[in-house]
Amino acid sequence: MSELLRLAGVHVTYQSSGRSGVVRAVDGIDLTVDRGEVLALVGESGCGKTTLIRAIIGLEPMTSGSIVFDGATVATGQRELRRLRRRVQMIFQDPTGALNPRATIYEAVAEGIRIHGLAGPEPELVATALAQAGLRPPERYMPRFPHEVSGGQRQRVLIAGAMVLGPQLLLADEPVASLDASVRGEILALMRVLVDTTGISIVAVTHDLGLAWNIADRIAVMYLGRIVEVGDAEEVLADPLHPYTKALLSVVPEADRMEQQILVGETPDPANVPSGCRFHPRCPLVASGEAERLGIIDRCRSVDVQLVASPGGRRSVACHAVRLPNDG
Amino acid sequence: MRARFVVGKILGSLATLAFVLAVNFFLFRVVNDDPTGSLFRGRNLSPDQIQRRREQFNLTGTKFEQFLAYLRQTARGNLGDSFLSNRPVTTEIMEAVWPTLLLVGTATVLAMLVGIPLGIHAGWKRRSRFDAASTSFSMFTYSVPDFWLGMILLAVFAVGLGWFPTGGFEDAGSNATGVAALLDQLHHMALPALTLMLAYIGEYVIVMRSSILDTLNEDYLQLARAKGLRDADVRRRHAVPNALLPVVSLTALNFGFVLSGAIAVEAIFSWPGLGQATLEAIRGPDFPMLQGLFLVFSIAAILANLIADLLYAHLDPRVGGR
Amino acid sequence: MTILELRDLHVTYKSDRGDVPAVRGVDLAIAAGETVGLAGESGCGKSTIAGAVLRLLPRDTIVGGQVLLNGDDVYELKPGRLRAVRWTAAAIVFQGALHSLNPVRRVGEQIEEAIVLHSDRGDAGTHAVRDRITGLLERVGLRPDLARSYPHQMSGGQRQRVLIALALACEPDLLIADEPTTALDVMVQAQVLELLAELQRDRGLALLFITHDLSVLSTTCDRLAVMYAGRVVEEGRTVDLLKTPQHPYTRALARAFPTIGDPRSRMNPSGLGGDPPDPTHLPSGCPFHPRCDMAIEACATADVLLRPIRPDRAAACVHVAVSA
Amino acid sequence: MSDVASYSPRTAAWARRRRSFSDGISRLRKDRVAMIGLVVLVGFVIMALIAPWMSPRGGLSAVDSINNPTWHPPSRDFPLGTDHLGRSVAAQFVWGSRVSLLVGFAATVLTITIGSLVGISAGFFGGWTDAVLMRLTDWFLVIPFLPLAIVLAAVLDRSIWNIILVIGVTSWPSTARLIRAQVLTVKTRLYVDRARALGASRPHIVARHILPNVAPLILASVTLAVPIAILTETTLAFLGLADPTQNSWGKTLEEAFGAGAIGRNAWWYHFPAGLGIVAVVLAFTLFGRGLEEILDPRLREEGARR
């Protein structure tokens, strides 16, 4: 597999209107996405996962860092962004809000074609995209308004509107979080089929590890603007190394479960990033005295920890306590 | 409330005041480039007299110098002399403030006291017969020009039935004192106050009703009911405190219009207040007087606006940087 | 002892588009110390049941059947008695904590209101009441000084804890939790679930747990009832029901929440074709048949009610053999 | 997919629009109160249009009316009686509707134009544009509206166009605020984000997403601005600031009051004009509220959610 997207040192910070000044929403991300790969970006709300994918498509201004897409560095000019936005597309958590209530489904799907002046008979392009997204027969859906179809169908319309441009990368922001359980699986299956049939890559932002298990090839766990663990989805979920990943996995409600590792305290605040390892105030290793026993407690408190790759490069973890196995 | 919030609001009000002063100056002296021409239209003044007037009204020097002179004067409380009476505008206005304050203040308070409960009840019992009746009534009074309503009331109750005097503040030549004088004034005030109250009431009913309707679907009302509160207590303790917030600021804002609210109605009832003064100034035309009145009306509104903001922030814990 | 019993409950809303049958004959019983989960997708009628128990539905709603709370039919109670039963016999933890708390009143006052309302003496502001509020807040893991805060000053997790404290204020026999963790982050959700489980254990509460998320119920409930189109389509003990779901809908729903590590669901998301039915236009016959992969001809015409399979287990499907 | 090849998006979209338009009309039709308002309005508009045929303009002239009886109660010759100069009150009523409606409509056009331009630019461009425009709007909003109108009208020459100008210039700020708020709401909608992600330019977003979702609100505020304009004209006319050559209902009331119609119990002089104002204003308000319920996206979304 070859590389499609490479993020290096991506930062997104804003001036907060309130008290403490700077919000470090995305605080130094290095990440790659291969062609035909599904990457799940998981974490709690406020960890910067949505901001990160919005920055990739230029909806959020990047403060520093670089994005290389398909071998070329992405410039930030209007024209370059526009060209990029044909090859990178996005779908949203709330498909109801993402569709203009006054535009028909046909118009919603055709909008991208018109913006980019794509060649070809528009009705057929729209019909193909709708059918590909599972809305068959397409002509039945074309003249409808968004409020006349169900939530799952709206998400399919969004997918059709994105896929009609033939993108190489699809960014999906919590694509099934607002959908009913029974519909959820259908949309995920569709996403997987799109990858297998068109070779597109998907970056899916989610708080749901089950989604990663269902469709992702790789998984990246984010905490307070940083990636703390990344690797093959099956490996990470079977054998999490970072204490945060372990905690996240332990609280997935399941009938026969492992020992729960419930982190105390609130969802962390990116306006107020702790010193040292940013996870240390909530880290179970610190709380249980394990870090002290390992003799790393001072480093946890004062040394900012970087993502360290395994010798084979397939797994990376950012934790003072973790030594990676050799995965060749 | 944070001090920063309060200071910010005060500074904002001062900026508005500066804007008003500028408007007040430039409207009268720039729109009409040389006001002496139009101000004294129809009067036979010698060039010498005109020159004296010019100096008197700071019409010499550049526009900017004139503006500064105007600001200095205004800051000292000098608003010039009335053309009609030749007395200082400040004095004239001071004399007319009290009757207006009394009349419109009374009417506003009454309209509030009646309108707010009506609106609460109508909103709470939405689509009831009471709601239909009070909403139609409000829409009707809202559509009636206040002075015409005054004319009708005057025609019916003063001229037709003779129950009330046809105008004025008290009986001419009466030298009653104490309770008798007070009763006489109340007798004179009854019709104009009723007119204004009817004119204002609709707004309170409509705003209060829609504000209650906004809260009806709130989850916290459902929770209050689930707790076992009576319907009346759910309304009193949970719906009304929230729904009153927008009405509180409406009320405060309306107090800003107390001084300027009754111009036409005062004219109908020959009520010796600021409205009557405005009408006379228009007829003159008495520009210094108009200018002074406009300034006073605006200052009242700015103050009321400031109070409304601060009051809102005080009542709503979510506002004001707490 | 049975705390809550629903007997053939029917609820029909009035709307501009006609009658909306939201609940169409539900039987359910909860005993003291028992946790029962009610699962289903949006529009299946599960939240309506929460409102129906305390008679909180809109005035023009038609309610049929019986709701027995500690043996009394809630719909037969006089207004005064009904108000006394509310919050003391059953209290609700509503979904959406931000909107369930009055924004202009301190959270302490809102808890105090419930305590004072249901105590014999008018003892607002006394030490006893203040101590009680402190105790409640501490019990749900909050600092007592938060009583002086306004809802908007708290985090989502804190507000949800306040709602739980509020629900416990009058020591109810039954706690109804309506999607109590839906708006919360995964970690906070785990905290709240743990708290609810603890409280239930400590106080022997009956707990009715309503959610769309079957996986949440799997860890917290003794028994489960799965709703579809206003009816319970399957019920049974949690482990039993999830291990061997009998109704095709339950099966699909259970598969929709994958077990991480289960190779069958790896790279194989599972869902259910079609969409949840519109309550105003329910399909004929078994309302699930248009989405059912096991539907036979009869399903389109013959409606199926819950069939007992064995003690503690029932499902509403033609494929379920009726036990003797 | 021969169906698809012949699918004409434009025709289909227009068919849908027509359908939703006629949906709106039929919903409006069911609103009996709004329909009463509409009927009354249409009646007055027709009266204003055919005034020259209903009643010769000479009826308004004191010179032409010199031989008429003065203060004459309603009779067959003078259906609404005569005034202190012998002029027909009925003629004044018919002609007065022209001025009231003209001022009402024209001032509203001005108000809404200024308000929409300010509101949309402030909302869409944000930043400095927004800060400056909103400061200005706030200033105008705080200054009491009627005194400002009075002062402006007093300074300017007395003409109907100046009255329109005065009302337009003083009443735009609330419209601007309303529309800015709606633009800001629409701007944060996810579909605007989606359009950006699709690569849409600013003009595309304004034309395709912002305007269509703000337009109904603009239309709804038109119907609510007209009554205010009419009432303001009436008051200004009553205070003697109207065009002396034009008969409006407000001016009739001023003259009736000035001539002592109340003391003389000449109800026929002041009653019809006042009733005309109330009827038109009420009709507009009722129709406007009905229209607002159908057009205002906020109210509609509310309704859809339940």
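Order of writing sets the chain letters: A, B, C and D. Residues in each chain are counted from 1.
One rule holds in what follows: a residue touches a chain if its C-beta (ideal position, glycine included) is under 8 Å from a C-beta of that chain, and two chains touch if they have at least 3 such contacts.
In this text the structure is predicted, and so the values were computed from the model without any measurement.
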item: Mutual neighbours - chains that touch chain A and chain D alike; value: none
item: Of B-D and B-C, whichever chain pair has more C-beta contact pairs; value: B-D
item: Chain of greatest Cα-centre distance to chain B; value: A
item: Rounded Å distance between chain A and chain B, as computed from the means of their C-alpha atoms; value: 57
item: Mean-CA-position distance for chain D and chain B (Å); value: 24
item: For chain B paired with chain C, centre-to-centre distance based on mean C-alpha positions, whole Å; value: 54
item: Distance from chain C to chain A - Cα centre to Cα centre, in angstrom; value: 32
item: In chain A, residues with contacts to at least two other chains; value: none
item: Numbers and ranges of chain B residues touching at least 2 other chains; value: none
item: For chain C, residues contacting two or more additional chains; value: none
item: Graph class of chain-chain contacts, one of line, ring, star, complete, other; value: ring
item: Touch relationships between chains, expressed as pairs; value: A-C, A-D, B-C, B-D
item: Residue numbers on chain A that touch chain D, as the complex places them; value: 57, 59, 78, 81-83, 85-86, 89-90, 92, 94, 97-104, 106-107, 110-112, 115-116, 121-124, 126-127, 137-139, 142-143, 145, 147, 158, 161, 165
item: Chain C - residues contacting chain A, complex; value: 41-42, 155, 157-158, 185-191, 193-194, 212-216, 218-220, 238-239, 242, 249, 252-253, 255-261, 265-273, 275-276, 291
item: Residues on chain C engaged by chain B in the complex (per definition of touch); value: 51, 54, 56, 83-88, 91-92, 94, 96, 99-105, 113-114, 117-118, 150, 152-153, 166
item: Complex contacts: residues of chain B adjacent to chain D; value: 12, 15-16, 19-20, 23, 27-28, 31-32, 139-140, 142-145, 147-148, 151-152, 154-155, 159-160, 166, 256-257, 260-261, 263-264, 267-268, 278-279, 282-283, 285, 287, 290-291, 293-294, 297-298, 300-302, 305
item: Residue numbers on chain B that touch chain C, as the complex places them; value: 218-220, 222-230, 237-238, 241-242, 245, 315-318, 322
